[in-house]
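Below are two complexes that have chain A in common, paired first with chain B and then with chain C.
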Partner chain A sequence: MQVFDLESNSLRELNATLHEQKSNTNKGKWEVQNPRGRHAIAVGLDTAMDVRVMGSTGYYLGGMNQKAHITVDGSVGPGVAENMMSGTITVEGDASQYAGATGHGGLLVIKGNASSRCGISMKGIDIVVFGDVGHMSAFMAQSGNLVVCGDAGEALGDSLYEARLFVRGSVKSLGADCMEKEMRKEHLDILSKLLKTSGSKAKAEEFRRYGSARKLYNFNIDNAY
Partner chain B sequence: MKDNKNNESPRTEPVQSATFSNSVNSEIRRAAATGIYDIRGGGAKRKVPHFDDLLFLGASISRYPLEGYREKCETKVILGTRFAKNPLELDIPITIAGMSFGALSGNAKESLGRGATLAGTSTTTGDGGMTEEEREHSSKLVYQYLPSRYGMNPLDLRKADAIEIVVGQGAKPGGGGMLLGQKISDRVAQMRNLPKGIDQRSSCRHPDWTGPDDLEIKILELREITSWKIPIYLKIAGARPYFDTALAVKAGADVVVLDGMQGGTAATQDVFIEHVGLPTLACIREAVRALQDLGVHRDVQLVVSGGIRNGADVAKAIALGADAVSIGTAALIAIGDNDPKWEDEYQKLGTTAGAYDDWHEGRDPAGITTQDPALMSRLDPIEGGRRLSNYLKVLTLEAQTIARACGKNNIHNLEPEDLCAVTMEAAAMARVPLAGTEWWPGKTGEFL
Partner chain C sequence: MCGIVGLFLKDQSLMPSLGEMLTNMLITMTERGPDSAGIAIYDSASNADLKLTVQSDNPEVEFGLIKDSLSAIIESSVSVEIKDTHAVIKLSGEKMILARQALAKLCPGVRVMSVGEKVEIFKEVGLPREVADRFLISKMSGSHGIGHTRMATESAVTTMGAHPFSTGQDQCLVHNGSLSNHNSLRRKLKRQGVLIETENDTEVGAAYLSYKMQQGSTLEEALESCLKDLDGFFTFVVGTKDGFGVVRDPIACKPAIMAETDQYVAFGSEYRALVDLPKIENAKVWEPEPATVYFWSH
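On to the complex of A and B.
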């Protein structure tokens, strides 16, 4: 395992080193020490490698990740895994706003709670939150799955497109055009698989499913305000 | 009174109201019939103070002109010198503005790429992501980073020659975008990861940052992902140009792109286009003042857009302090938009050449703002590219002609001192003297 200490080396060196790993397959495991809330740690990785960040981070941890597996032993600031394409990012603690924003693929697991706008504009990513999510989560979410093992805040799934939302606890309120939908076998299968891969002990049967009512899909004056 | 022709008193001519004009009344009737606001493409059509209200003084005894055809007049500009390892070097100070694939056809995007490349300048993606056609045919391509993040991915990001974070557009400061269902073909839907045929909204705010402090971190992230190689532009709408420019600099932008209210859009509410935002002319000096106050004028480059049509407009924007200009509408006209040769078809759509702006409907006779294969095929991208490069060449020659006449061997040596204004409004906005005086509104003190 390779160790990188952000106290003695710069963020630029860290990301450059990780980007260079493409051609160097024997350095597939990295430990990043002393993150101390720094922003943009391990962003733009595009090769399969394991990165473990030993502490809490600032904004955009793992932004635009492709293929890499990143674990944070702490909490993360806003925009963790933003626009992620593939790979996995696991946060042992909590996540701030916009977790998984616009993500296209891969799996984001938050073992604590996520703040507001979790999964905003998601475009195919899977997000599993062990705790609660804040208001306006899955706002304009296009595709992918958002799994909330705890409760969801106000206006869940506002202006939702085709993303699937699964919530085990309560939903404070649904946003415009978001409705509860029947949980069918295919949904239970997707959900069980996601719970299993992310290491959650929750049972798929305990969840409710929410999706788009598809009433805002074509502009209608009676929906405008 | 009896109906007696001989006794009839003289009548005044019918008078149309300036307030309730025919066009205002027709909009009232349209609104009453449909219950929905009018959506259209293009920029503000109302008359606002513009570059036409400025004149160059030219050379005389106190200024020495350069020979029109012989003496060199440099037009090169380098964008992104502040932080990027690989700034963009352009042969001419005129770039092609971001226009989305989706709003425009693939052939139109290819034409823009070809034309810009022939002319030695850059073109820009738009909402909806980067297409292969435009990457392939654009030697220098700026990749827009928009609130919708449609089609955004790190592979394309690394293929880009620069990134343009879009905060606003002059046609709709504070507004998002829309692409109506009829233009959502399979390809557009797939690029945007949305179902086919539905109306697509592009949000007005970025999903993962809010204020200037966040933006600074967002820029850091994008630089880290692209290894600090390519420049990062920030595009803002003409709203509060002094503060917005200052904040763009503070957030770490290499280039500020400032778009005034005449700037085009693919589709927005008419009320928004006509009533929100500042005229381009009113933006430039304020943005330059911000750059000067921060000591970064020319280090952070300023690109101005919104109603640039000819070489005089280019020269005037540069004289007021811009490093380059960007064109949207004019580029579309150059490749065939609103061409009178399609008049019969414009008539069928209830409009006329020059006024056609229902670009969102996807029925463009010129094949530019459409995804309909039959209409699209009317635009030959090679011919389109050639026309655009011709047009860019003329803009450059015209701007050089003016610069030489003002005695400048580099177009960027043009300055406000070379200008005067023919209206009070323009004098106030451009802070150049009203023609024949040494004064402009707001000028204080004898020596200022």
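On to the complex of A and C.
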């Protein structure tokens, strides 16, 4: 395993070193020490490798990730996994606002709570939160799955397109054009698989499904000025 | 952007190093606000009832005048401690009104930064490290303090536009965000006779809190009414004689993180600001909820 200490080398060197690894690298396992809340750790990776960050980070951990598997032994600041394309990011602690924003693919697992706007404008990413999510989560979410094992805050799924939202606990309120929907077998299958992959012990049957009422994003002449 | 830090000590043995810890936290937030910086620090005044912290653009002359004549004018002993462009005047509580009237006549250019039993406010234009060094903040002791690094959006980069803003005796306010209804609110408050000196949005926020409290609200009630009457983005941290309070607007897009241990409660715009605090790895760390007023006090 390769060890990179952010107290002795710069963040830019860390990211450049990780970017240099090719798919046939024999340096496929990395441990990043002393993150101390720094921003933009392990961003823009595009090779399958394991990166473990030993502590809490600041903004944009693992942004734009492709293929890499990143684990954080701590909590993360705003914008974790922003615009992730593929791979996995696992956060052992909590995540601040807009976790997984605009993500196109891959899996983001948050083992603690996520703050406001979790999964805002998600475009295909799967997000599993073991705890609660804050207000305006999945705002304008277009595609992918948001799984919340705890409770959801105000205005869940406001202006939602076609993302699926699964919540096990309570929902403080639904946003405009978001509604509860029937949980069919196909949804239980998707959810069971996501719970299993992410290591959650929750049962798919305990969740409710929410989705778009599809009234807001279809053109309606009566809404025109 | 802007950066906020706050530290409230539960463990008295940390009091001598409050200034040093706050300075380090403030410097970490330089990237969030390199324009100006300020700090409010709370420590008991020795041998006096009240402390009056003032600022001057011409400190040599004006602070000289204060040293030479203030005591004689108000017929009471005062002590004047000069720190760069600021001076902390310690005096008897019953002479405060007289002293402020005398100051206004003696040196009209002097601005009052804070009044209180414990609070001292220092703020200037410049990088946080330089500002903290000018006022020797790292040498100060105290029970709690808040600091601010400013990236100006709503008004000019000046000393008076820097934070913290005083909102009353032993009270002050720092702000991350921008208020969008500050012009109309300023006009309303001015009609009620409230003195507002700058075009700054946070000064209006501070004046609003002072006005609400003059009308009989407690600080907590005044903060609650901010959620109704202020439009825009804000994470506010308010300093009080005994502690500090936090409130965020309902959208809560301006960051805030808190940490608590047996020894302290700390606030930071980012976790980075908290990483050097003692035993931070064992602290309870969380984000304050939107539209919720929090207080910690002794």
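Quick note on the criterion: the second predicted complex is superposed on the first by the 216 of 225 C-alpha atoms of A that agree within 3 Å, B and C clash if a C-alpha of one lies under 4 Å from a C-alpha of the other, contacts with A are read in each partner's own complex, and residues count from 1 in each chain.
By our rule, a contact is a pair of C-beta atoms (placed from the backbone, for glycine too) under 8 Å apart; a residue touches a chain by one contact, two chains touch by 3 or more.
Model, not experiment: these values are computed from the prediction.
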Touched partner set for A:Gln21, first chain B, second chain C, both or neither: neither
First (chain B), second (chain C), both or neither touched by A:Asn145: neither
Contacts of A:Gly58 with chain B and chain C, given as first, second, both or neither: both
First (chain B), second (chain C), both or neither touched by A:Pro78: both
Partner chain in contact with A:Gly37 - chain B first, chain C second, else both or neither: second
In the superposition, chain B vs chain C on chain A residues touched: B
Chain B versus chain C as contact partner of A:Thr102, first or second or both or neither: first
Which of chain B and chain C A:Ser115 touches, first, second, both or neither: second
Which superposed partner A:Asp94 touches (first chain B, second chain C, both, neither): second
Contact residues common to both interfaces of chain A (with chain B and with chain C): 58-59, 78, 97
Chain C to chain A touching residues, read off their complex: 250, 252-253, 255, 257, 270-275, 281, 285-287, 290
Chain A partner contacts - residues on chain B that touch it in the complex: 34-36, 148-149, 152-154, 157, 180-181, 192-195, 198-199, 201, 203, 207-209, 214, 217-218, 220-221, 224-228
List of chain A residues in touch with chain C within their complex: 36-38, 55-59, 75, 77-78, 94, 96-97, 115-116, 134-135
Of all residues in chain A, those that touch chain B in their complex: 11-12, 15-16, 19, 39-40, 43-44, 46, 58-60, 63-64, 66, 78-79, 82-83, 85, 97-98, 101-102, 104, 117, 120-121, 123-124, 139-140, 142-143, 159, 161-162, 217-219, 221, 224
